[in-house]
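Two complexes come next, and they have one chain in common, chain A, joined by chain B in the first and chain C in the second.
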Partner chain A sequence: MSEKIHRPDETFYVAPKEPPASRRPPALTIGPVGWLRKNLFSGVGNTLMTGITISLIVAFLYELITWSIVKADWNVVNNTMRLMMVGLYPIDQIWRIQLIAVLLVFLSGLGVGVWGGNARGFFIISLIIIIAALIIPLGAERIEPPSIRFIVTSTDPNGPILFVGDEGDTVGLTVEPIDDNAVAKQESPFTGFIENSAGASSSRALWNNAKAQVVAGKLDLSQYNLQMTVQLLDSKGKVLDESLSTPAHRVVNFEFKLPANGWYIVQVLRDDTGDAIFSSVDGLQLPVAAARALPNTGFAWVRIDGVNAMSAQQADVEQRTKTYGGLPTIQCPSTAECRRQLLEENVRYEGSRTFKAFLKTQLDPFLAEIIQALIVGFVVMLVAYSLGNFAKQSRNPASKKLVSRAAIIGWVIFFPLSWMLLSGFKNATTLHPFLELPQVAQSLWGGLILTIVLTFVSLTFAFPIGILLALGRRSKLPIISLFCVLFIEIVRGVPLITILFMAKFIVPYFAKSLSDTELLIRLLVGLTLFTAAYNAEVVRGGLQIIPKGQIEAAQALGLNPFATNVFIVLPQALRAVIPAIMSQSVSLFKDTTLVSIVGLFEFLGMIELIVNGQQVYRPYQREAYLFIGVIYFIISYIMSSLSRRLEESGAGTVRKMRKA
Partner chain B sequence: MTAQSTYSSSDDFFVNTADLSARRPPPRSKNPVVLFLKRPIVLISLYLAYIALIFVKWDTLKDWLVADILNRPASEIGNGLEAMWLALWVALPYFIFSIFNAAKIQLRLRIPFFRNIDFLRDIAQVVFLFVVVAGLYTLALNVMDNTQIPINWNVVSRHFPVEVSEGPDFTKEISWLKDIPIIGNRLAKADVLQPGTTTRALITGLINTLRAVILALVFSTILGVLIGIGLLSNNWLVRNVSAVYVEIFRNTPLLLQLFFIYRGVLGILPTAPKDAYKFGNFYLSGRGLNFPKVLTTDSYPYFLMGIIAGLIVGIALWRWRLRVQDETGKPANTLIWFSTAFFGLGAIGLVLAFVTGGTPFELENPTLDRFNFVGGSRWSAGYLTLVVGLTLFTAAFVADIVRAGIQSVSHGQIEAARAHGLTSNQTLRLVVLPQAMRLIVPPLTNQYLNLSKASSLAISIGFYDLFNVATIVQNQTGQAVALFVILMLTYLVISLLISLLMNIINRSLQLKTR
Partner chain C sequence: MSEQSNSNGSGYIIECQDVNKWYGEFHVLKDINVKVKEREVVVVIGPSGSGKSTLIRCINRLEEHQEGNIIVDGIELSNDLKNINLIRRETGMVFQSFNLFPHLTVMQNITLAQRYVRRRPRRDAEDMARQLLQRVGIPEQANKYPGQLSGGQQQRVAIARALAMQPKIMLFDEPTSALDPEMIKEVLDVMKELARSGMTMLVVTHEMGFAREVADRVIFMDSGRIVEIGTPEHFFENPNHERTKLFLSQIL
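Now for the complex of A and B:
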């Protein structure tokens, strides 16, 4: 018998260090780690995609946030808030708009209170408050609103040269006629040109034109005989110093010590007529073009030494000085770079701002603008909500009925009341002289309030017209149906802008009285008809899903066609299409921007007027666009989430009926 | 109009049912003349003769058919108004006939007319038509009276005073116009097609519009499909980023997006060509994008012939393989067969081209001259903005449509496909996409129509599209009516063309029922 050899591995089970794959516990699928694994890192491709997306998001958000805190200048928003929101509506009448906004918040709060509301309802309510707070800038009189002169684009290309100087600076001014053809033939004798706010590159165009002629040998600059007076003015237009060119000393050259911080004007006048002969504001060196077919004419270039910054508008310089205390210096290595800087950095704040400075110079003015309105809106909403909720929970059903009826009546009279408040009315009876509001011309309406007016008015009128068109299209009467089909298809086939242009240019021909109608009314008619055609198609979709049995049942009960439509078909069809109508309203709300092309200054048009018409704000277009983009987004989002909510809740009884 | 002598059952409840004699057909007339006149062929011939008379003798008839009634000389009556009156006179017998018929039935029925639905309907239509015609007529008269500048359709042959910096040069003669057979010479001599006329400028504008629309259509579809797939991704992050994209671009106005791109993005780039951002031979500056132009050389036809032959042979092979699959059940592998033929023949064409005369394509790179780029192609800032803006905006809508379409395919379909042993790729290609496409195409058509109409916003960014050119003419001449008619018709035609194309695609995708 062989001795049993003791082999430990056979006798004892030694657990392997790693369990076999089949015995490993499954991957965690719950908790944050499980969630991450399932949703972000479920495979190689998924992980890769997550990585790429995260890096893109981080890069984008980092750029956006650092830019908006460190570099962006939101004062374009803060300073022009009133213009953006209510346009040129007279300041002393703004209380009417404030009243409308308060009413809006009150009715929203009451509605949510009575008819119930969940978290999303409150979310929407708070967004409404924010919008209302933006519309009612209670601190409006605190901020100096830009004057009318500012928003009307200057059509005068002979704007003077402006520059900023500090007290004690010595400014050297040189204005020299160009009479050497060789100089003109050089590739780039001058450092740069800059368009002024009129957008006319007139000096450059004139100079390029002249230069081409010199190169072609058609023009001899030495024949020109430009005599001029160069004046240095302070910001109030007082002449501080002036110098004349003579045939012997054709170069005007003088130095001047500035008496105070501020901005100064250089004006070059033709000696014989006293006309300003500048064509354009420019940088450090530029030709002064006066290519008029007169004996005393020609080109000159001007140089200003010892100056920090040059700009076209006083307010910008003042604003910048107030905000930052200092001014950046221009240093341009090349012509193009200089030109770009003059366009951009010269006026733009380009530095790094701390977060504290951001809060102080950017956010603080904005909050100061809306904080009062925000508080008022919040309080009003709270009161209205409590009132509604109190009535809802009270034991007496009559009180709930009363409040909900009041809310409905409130909403019904809200829109006509708002219109009356906005436009004002004359006392009709003379019995109540206090019942009189000064009328505000519709051309003064503008900004966000005009956008809202356009949207709601055209929606209100388009809805019934759309229903009629839809019924007409489905009608058995061939002429009516043909008319409706033609109308709907033609309107849907052409761009909205065509219809608006027609409303502006052709509608006045339709009747003598129409040519005196305000543009707003005409455009409203255009928008309404446009929306009605689209609504008609939506309503037609709703009509199509009504089972034929419904109509037959109505007929069996002896209802006439009118009653069948009004009491049986339409209620069901309209409930079914409410979500679609809402999303139609969102696109209408966005489409109202097109009226800015035909000359009404609604929200986007106002911004256009501010940032594009004005040299001061031109460099801040991105800030302005981003701001109004956010506002547009918020309002559209409220509307589309309402529509989605209605859709989810199954607004249509038809759907419920079908499911049953 | 339903002027029939019998009643459909749905109208019965309006008729006094007690009077059953109402349902009896009227006694037929024995008079041979009446019988002859009542024959449809005779009635139609009489009517056609009347129309022929009106049309042929219109020049003399209009004096007392229109001018006398309007009480103004015929020369003062515009074309539109005249056409309306012509239509009215052409339709008149029809109205008389139907009213006469309704009255006849009414008389025979002996029920109150306000309960006779046919009668009420006819009257309602006539009243409606009268209101519409009277309204349009008043408006047309007013337009005639109120326009300071009379409507003049010759505005299209006027000289167009503004330089259009985009698209084909409208101040040059069209060289190929004469080569068109039969009508070529006439076209070349036509007033409106002479260089520099408004018509030519409008055509240039139309071409610009189409350039932008077609490019934006293609790009927005590609981007939209990608984002739509992103919306359905398993990856939470990708899904939500796509959703944020869709929400942002759907909930802000297109005009604002265009302005932002034009002024906020392109506007802050350096404008001087030498400072332009350079990506290879692509130069991006505030003035636009300059990029290499593809030129064809003499050997290009060989390559083209190779490609075309490849396409034809490839499609033939594709069909053949499908037939083989139907008959034998063997896998078709259509794509492999097609691509082999296509790329093979294409390569042969390329080799032929190289052998005969060098490369079929040449790139002309943009080079920096003194102040501007020379050579190459250029997309102006306006064009770039329009294409990018329309693409980004429409892509958001397309993405949502694609998502909804794919989601609507029921999960049972996918499970069934898996149960049949299809791979996930095959499931997508053969089961999900064909069904999703049916739901995607109709709303997609709508988006394409919206895009083509939204291209008219080019006016706000100074791109010379059709609408912008027309507006310039309108400002110069004051001919609002004429130009808006032209504009509306053109946009309607564009819309109809897109609808037609998409309907063809839609029909090919629909379920074929036998």
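Now for the complex of A and C:
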């Protein structure tokens, strides 16, 4: 650079011969780092907001996930899957629902194949498959309840405990001494605690009390000095097996194979004396356990494995009495203690578990339940996708057209076909043998499948009705437009629940002939009209954005009003309101929960029935509601993604045109 | 196109007799009397707001007139829907803002009405569309969407769309005013070719060159009434009316 460089502020400036080489922008302003700096940390306030928001999100997610893994018991979801998904739909007819699910997956796969799909398309399809797999209750894997424990204290032997067992079951009994003060600070492992209505004497209450005392320094758990015999008795009171736990030989652990169906009793006998225990063999007294120096102190868990808690419901009790006989009479300190049955309501599952245990006890059964369906679903999807894609890639445009048309026809007949499959025919046997589908009463439908039926049936009908109402509202004939306005405004002015109550109670009162129609149909009509009124307003908004010139051009070509609407106005108007219609649909999907108030048990209603009606699941409302929240979210997400796809697709849309 | 007219023997394909129209209180058309012969090209000019668009929109009933008679191809325009549809089939219209259907391809734009109104089989309709696109000079654009075409191309598609119905009359409402200068020529060329082929045309335009070259007669309108009708020579060289002179002095 031997040339003299002129500075711009001088009165005379000539640029150097060579323009300066292009440099890269400063490293911190480009790429992900640049994005972060620009969008998240661009100022003190912004950085602070980012920090607070991120930490809130992280904290929330951390709590939620650790709770789900460590503490939550998902048996309420797993063990009631079929009820939640299909309600009381007869088990031997469930293949129909499976067929519908397979068709759904097939058509989705075909659609993505022939109309082209991106990564998001596949993601959506996977979600569809998961939902479909959930609806198909192929397996019925139950989450095994964890072992059940009760506490033995220096003063309270806390037994005997009655349960039923089948021949060949293996029952394990284990004494777990609590002789380390550190245990008081740990969380209990995830197990079931035997509770008692007596409250204070319940295992968990006793143990919590002891823990508090240890923490307060009033109790020393290492002063363990319990000596006891754990026994398994049959219903006659005969000892089947027993084992002695002494301060020197604390952990005992034995298993026993039950000889027959019937009642069994676990009982703990305590040796409260300080003496050594002898057992006599051939007249000789041999010491089994040494004499104790300290008084009888300490806590121990007695763990029972391989035994299920029993239902307390009337029908189950009767059934039990029939199979296993009546409650055995046994000798025990007080009658209240004697009647301690291993009922579901007496057991609380609590504590925390490791991730491994979560996988094994919670996730495994869940996966086992849906894995077959998932595999079938993915295979069907892949087959359909390849078929569609093959047609799309093929040189012959006719084959693409054929498959694409087949897919459209498939979707069109899918909905009525599903309805037919679900409900069956009234006089099934008189029809063609191939069509022998016995009717399944609509009152048996329930769970997620009912939610889906409610949503899609009312959407399907509400859409055309909404369009007609919107066109009617703009009609030049005052009577028609008045009728439409009245209908729309009245329906929109009334809460949905009112309409559902009317469908349930008022319609049969005024029109006797309608009282025979199934409740489901009446509610469907209510939902349809409700949605139609809202759709009408949305569609009207779309009609208003169509320029007048479009209609004039159509008229000038001689198209009549019907053709003008069908070919010119509606295609453009509807395309413009897809997002609004779709959000309408998603909100309808969520609003269907209201039908549970008038007596149909759709997804949410079914869950409420389960967690409120069955004692054993009552403590697991959180798990249940979290689960359905996730499912509702997934389906809503699928719906809104589809709408976005619909918006973007379709050549020659108003939108695309603007882009081009 | 046959020489024989099926009109009522008067030889006129459009007749307006004492047509009056109001928008509410506003008197837009005042005692309009016009007769257009078959194969005639009539250009309507006049200042903005004088009622030119309203007049030609009355002829295919996009606007309703309140008094007087309009007879098109022997059919009287009344509230009878059948007559309206008959007349709309015989008249094609080209708008200032093209009004192509944005959601349909060029091909579909041209074939839709043929198939639905004329009930032509798809193949015939498409053949017709291809011929017309050839005629207006854009045969290669058949599968594009209107949004992908230039303004001049769009207007030519619009003309093809109107012609596809094989109308006896073509109405043009300022077909070139929304176009850039270099596109105006391509549209005017198509219109000139159309005029030469013997189409009856009623054209509202500000293109005086076109009027001079193609028009058989020129109508000058002002404030809702017809001020002067004459041949282009008469009209541009020595107009009679003061209003016409003023108008011409402003635009030429």
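Everything that follows uses one rule, which is that the second predicted complex is superposed on the first by the 386 of 660 C-alpha atoms of A that agree within 3 Å, B and C clash if a C-alpha of one lies under 4 Å from a C-alpha of the other, contacts with A are read in each partner's own complex, and residues count from 1 in each chain.
Just so we're on the same page, contacts are C-beta pairs under 8 Å (C-beta built on N, C-alpha and C of every residue); 3 or more make two chains touch, one makes a residue touch a chain.
Remember, predicted model here, so these are calculated numbers, not experimental data.
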Is A:555 touching anything from chain B or chain C once the two structures are fitted on A? First, second, both or neither. both
Applying the document's definition of touch, where does A:478 land relative to chain B and chain C: first, second, both, or neither? first
Thinking of the overlay built on chain A, is A:46 touched by chain B (first), by chain C (second), by both, or by neither? first
Superposed model, chain A: greater residue contact from chain B or chain C: B
Determine, under the contact definition given at the top, whether A:501 touches first (chain B), second (chain C), both, or neither. first
Per the contact definition in the header, classify A:568: touching chain B only (first), chain C only (second), both, or neither. second
Quick check on the output: what are the common chain A residues between the chain B footprint and the chain C footprint? 555, 558
Touching residues of chain B toward chain A in the complex: what are they? 1-2, 10, 13, 121, 124-125, 128-129, 132, 139, 142-143, 146-147, 233-238, 241, 247-248, 250-256, 259-260, 263-264, 267-268, 270-272, 274-275, 370, 453-454, 456-457, 459-460, 467, 471, 474, 480-481, 484, 487-488, 491-492, 495-496
Which positions of chain A touch chain B when the two form their complex? 39-40, 42, 46, 49-50, 53-54, 57, 187, 334-337, 339-340, 344, 476-480, 483, 490, 493-498, 501-502, 505-506, 508-512, 515, 555, 558, 586, 590-591, 593-594, 596-597, 604, 608, 611-612, 621-622, 625-626, 628-629, 632-633, 636-637, 640
Chain A - residues contacting chain C, complex: 547, 549-550, 552-560, 563, 567-568, 571-572, 575, 651-654, 656-658, 660
Under the definition above, what is the set of chain C residues touching chain A in their complex? 60, 62, 85, 88-89, 91-93, 95, 97, 99-105, 112-113, 116-117, 145-148, 158, 161-162, 165
